[in-house]
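Read from first to last, the chains carry the letters A, B, C and D; within each, the first residue is number 1.
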Amino acid sequence: MKQTFSSLALGPSELVFGRAKHPIIRNGVSIGSGSVLPEIKFTLSSISIEEATREEIRSQYSEMITDVCQRAVDLHQSQLVVEFELLPQMTVESHWGVMITELLKEVMEQFRSTEGLQSLLRVTPTDTREFKKPPLRREGRELEDVLTSFRTCANAGGDLLSIESTGGKEVTDQAIMETDVRGMLFGVGVLAAADMEFLWERICEIAHETATIPAGDTACGIANTAMVLADKHYIPKVFAAVVRAMTAVRSLIAYEAGAIGPGKDCGYENAYIKAITGFPMSMEGKSAACAHLSTVGNIAGAYTDLWSNESVQNVKLLSAMAPVVSMEQLIYDCRLFNTSLRGGKEMDLRDLLVDSDSSLDPQAFIFRPEIVQMLSATIIAGRSHYEKTLSVALATAACLDQGVKDGTLLLSQREQKWLHKIAGELADLPTEEGQFIEEEKRKWLGHVDLAQYGLPR
Amino acid sequence: MEILNELSANLQEGYADKTKKLTEEALAQGIPATEILEKGLIAGMNIVGGKFKKNEMYLPEVLVVARAMKFSMDVLKPHLAAARVKSRGKILLGTVKGDMHDIGKNLVGIMLQGAGFDVVDVGTDISMEKFVETVEREQPDVLGLSALLTTTMVYMKRVIEALEQRQLRGKVKVIVGGAPITQRYADEIKADGYARDASSAVDLVRSLLNSGAQQN
Amino acid sequence: MKQTFSSLALGPSELVFGRAKHPIIRNGVSIGSGSVLPEIKFTLSSISIEEATREEIRSQYSEMITDVCQRAVDLHQSQLVVEFELLPQMTVESHWGVMITELLKEVMEQFRSTEGLQSLLRVTPTDTREFKKPPLRREGRELEDVLTSFRTCANAGGDLLSIESTGGKEVTDQAIMETDVRGMLFGVGVLAAADMEFLWERICEIAHETATIPAGDTACGIANTAMVLADKHYIPKVFAAVVRAMTAVRSLIAYEAGAIGPGKDCGYENAYIKAITGFPMSMEGKSAACAHLSTVGNIAGAYTDLWSNESVQNVKLLSAMAPVVSMEQLIYDCRLFNTSLRGGKEMDLRDLLVDSDSSLDPQAFIFRPEIVQMLSATIIAGRSHYEKTLSVALATAACLDQGVKDGTLLLSQREQKWLHKIAGELADLPTEEGQFIEEEKRKWLGHVDLAQYGLPR
Amino acid sequence: MEILNELSANLQEGYADKTKKLTEEALAQGIPATEILEKGLIAGMNIVGGKFKKNEMYLPEVLVVARAMKFSMDVLKPHLAAARVKSRGKILLGTVKGDMHDIGKNLVGIMLQGAGFDVVDVGTDISMEKFVETVEREQPDVLGLSALLTTTMVYMKRVIEALEQRQLRGKVKVIVGGAPITQRYADEIKADGYARDASSAVDLVRSLLNSGAQQN
């Protein structure tokens, strides 16, 4: 199942929403073959998960899935992806995950037979290895729980397997708060990379055994943490942009291990992964503002194949329950994407989406098509995860700097100062991984168990 | 006093060595430890906290200052202890059971320490029994509960009820925060306060501890 | 102030979002002169309005306005309109309306001076004449309350005056439920029209006295009631489409009386009014799904000058409070509109928006540009409100029928049956207004006091 | 019986004259009024209600049927009274104070009448005093409260509390509905049920009145 990507699958004129080089077709749903489909997600409103609330929880999920499917039918949407993102407890106690998977799938199949609504279910266990501090990554009950959750949810009706795995987070949480470039390289390029290799080999195995699709992993816990903190003005946005690009290397490893997409929504780094692999990707932007505020609300749609709301809890808004509101918003966005595809205007719309965001924020700027191309090429040129991560970080800092010089990127003086600081620190990093690990690992000895990443303590 | 202003200024820049040296000098000049703490270090940290709140400083810059403050505190602490100076307040922080998110809680801890409070962080996935035990042992002035999930936020209520049952509720202020939490929810579960971010948490703790209802 | 519109202000190639023939410029905000601005609205989450909750209410509004302005600043949005839609009690007890108007304006002005955020405040009293059944329309305490609310809110800092007035609703509520074409003509073309004339003369007077802008009125209580019932599958969608077009005549009367826009968001009939008057309009579509589900999520943006979320209550979503989420979504939509305007691609984007919705629902179909043109021309050709309302209804039914025949409009057999029934009933209606009123008024004697519309009992 | 099927079929088509005539004929044949009601009219209306619920009929079509039913009921009522047939249940509906929305409430009323319930609509902007008075006077089995605003929904709770204070709460089921209302809110204010639309309101009333706790 090992795949290597030595050239870019999609050139600049091919990189657009709705079209992937390797579409996914399953159960009447086709992803990446000329249209963008909504991917809808929802979660419980405030309630505890326990035996006493089981019926209430079932009825909430049942209401949510029925209502969103009905809204899709009412709006003439004929294909759709649903994500069930398990809550931690539903991962640990696998019967909960199974129960909800079955419940969702049953309603989805009912809508298939009565209304012709074709749908796929993505199941996303939580990476509960995080519960232990420092986490056991390669052994122990937590790992078993995660793998069991994958296996049982796949058997219960899941079509697509995904996770937001957390390898390296022991280091990156602190490194993000400290804007620590070395720490990020260690966390992403060394630890997260090692963990992705380990974990995705196993997930792909489970997918193979259960005849499901290994769909991909996002660096949510790393890059979105940075994005959210930057959005709160806690850390520089240029740092969050560099971190985003770095995580592409880590997220790509799922595909090297055999994943084929659709990549999971909250990984904005999916833009690079689509260019590299040609696999279809899910993305989220303005219509996921219910879950994440961001500075990439439009540009995130430029290359997407599934368009997601990320998550919304089951609360009532003035019109309807929030999941129904999300469903409607996604469908309208998809209609716009698809109308442009049908009329051969998709590149025009893509460029409008790109140009509307890219000059206003470094985190958007790095998704301009020519920059996606350049950074993706940088990534595949690297000979190791470490080298790839370092070189894409350097290239990102350089292209932001170029953007400021060109006037194509507006950046405050304060952000510019940080950009130069970050670029300088990156330039000082060793190109030799072994040397880097030796230097860096001492700082993190209390936080992380290196053996859990296959590294010598 | 000139030296305390200089101390504050150097602290604000995050110059750890200089800050430490100025602290030692101030002590050598016979300035009381409390005064060095209040008019030098905490005065400086307050300015930094204010700038962070107004988005004029980034967190990594605040962390550098906090580290410089720690250097000085190491020098100052024996003197404060000798003068029997009471802490500004002790804060116990933890994320509730079923929830493993801790970055928000950690930020709150950092900001509170910077503001001169003693902070004890019990970690994530903490059961009500563990909270109760730790409150009994540590006797904090404030307990800060964190939750990021709609399915774990409800556990905050149980922690508060458990404190009540053990007659501890009157002895500690409980504050709550996290993505799904609102002031309304805080009121509903009878928490003493809600903070929407780390800076507000500092203001909240200050106002709760100044409101006179301090217990220990 | 009386204006008459005898020719269309905008031709098919001029009718596009962001550009009006008569832009509005006030306080640094410019509407309809080449860009689309967000118009943000929000309301209280569940709370009663009374002395005991005054502080909590103030703090909710204060939080909402501060947070949405901050989000606008964070996303580099430099101009914005805020609507304060008064709750009924805030209209009746005018001091509440004044207090909130002042509070909002104060924060808005603060953001203007500290952040350079330019903003205007629309104040929209509730038409509380509805409290009495049948309502007094031209006298009594309720009318006084409404006018007082306008006057006091204008003096307290409102910039734009609007209302969703309810003339005719005594009749239209029932006529909608019964799909009663005659009743609708009576309610919209006779009663609502008469009430609009009466009411807007007074609102324009207040605007003149207070140096504020009379901005327009929507047929929310009529056409959106029909839209929502059609969306719940209670009444035929073709009927809701015909009703929508009819209400354009009624809503136009505000402008004949002196209003100059921006027309209020929830009046989808604003499309026709923009074509007729050239005044800028506010519209709402997919990013108002929090308030209204609809079948016009994209096409509603085709001609808009302000883009609105209609309303959202102050509840927490996973990312932020719902008003902030709305603010972000509107800004991204506006960025897309404005990027296309800057690049001369606005007609392309307009057509994508139009084509993405128009074939799927009759309520969307009637907003195709050529149909907007045709129906608007039909309206101005009429010699009386009655004649205009009847002729636009006939023309709407005819163009829907043509759409079905062309294959440009998908319509179920069941809807087609209703369309023919409605068209047949419309064809039977007298062209002479006096005769029609005589025939129709007997049916409604218990429901409506005709003297309140200046008609003989 | 053939004639009752025919009655039901004609009713479903909304043929008022034919429905009335068939009702008279059935009476003339000596079929008990209750049976005509149950097996003819209500049987027909149930089918119509089911079709409406499944989006197979529009409201205006239902209204035509409801009008035909009324014609028949005018014929049937004296006979039902003579046979001392109890009503299926009496429902009191109203929109709470501060709120003037009534279209949703009216729909609920129409659907309930169609299902054979007696409906009393007290209108909009109704104070708790008025609700209490009317419940005392009308003695309904169910009180349906409607609110469309987030600022008036809270009044529902006060109405329920007022009923409690006047010892009326045990005598009437309270159901709630309207745009901002949820099952969760209904539970919170201790209502007996929540209906998300007019069809569900009929199901809800049926299940509440069949659950045995009927009072009068």
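Methods note: contacts are C-beta pairs under 8 Å (C-beta built on N, C-alpha and C of every residue); 3 or more make two chains touch, one makes a residue touch a chain.
What you see is a predicted model; the values in this text were computed from it and never measured.
Two chain pairs, C-D and B-C, are weighed by contacting C-beta pairs, with C-D ahead. When chain centres are defined as mean Cα coordinates, D lies farthest from subunit A. Averaging C-alpha coordinates per chain places the centre of subunit B 59 Å away from that of subunit D. The centroid of the Cα atoms in subunit A and the matching centroid in subunit C are 39 Å apart. Look at where the CA atoms of subunit C average out and do the same for subunit D: the two points lie 34 Å apart.
With each centre defined as the average position of its C-alpha atoms, the distance from subunit B to subunit C rounds to 50 Å.
Those residues of subunit B in touch with two or more other chains are numbered 150, 180. With touch defined as above, residues shared between interfaces to two or more other chains in subunit A number as follows: 43, 45, 313, 318-319.
Here subunit D touches subunit A in the complex through residues 150, 179-182, 184, going by the rule given at the top.
On subunit A, the positions that touch subunit B within their shared complex are 43-49, 87-89, 128, 130-131, 133, 173, 176-180, 225, 229, 232-236, 313, 418. Within the complex formed with subunit A, the subunit C residues making contact are 43, 71, 74-76, 231, 285-287, 289-293, 295, 297-298, 310-313, 315, 317-320, 322, 324-325, 328-329, 331-333, 335-336, 338-340, 343, 345, 348-349, 352-353, 355-357, 360, 410.
On the side of subunit A, the complex with subunit D involves touching residues 45, 316, 318-319.
Within the complex formed with subunit C, the subunit D residues making contact are 55, 58-60, 63, 98-100, 102-103, 106-107, 110, 123-125, 149-155, 180, 185, 197.
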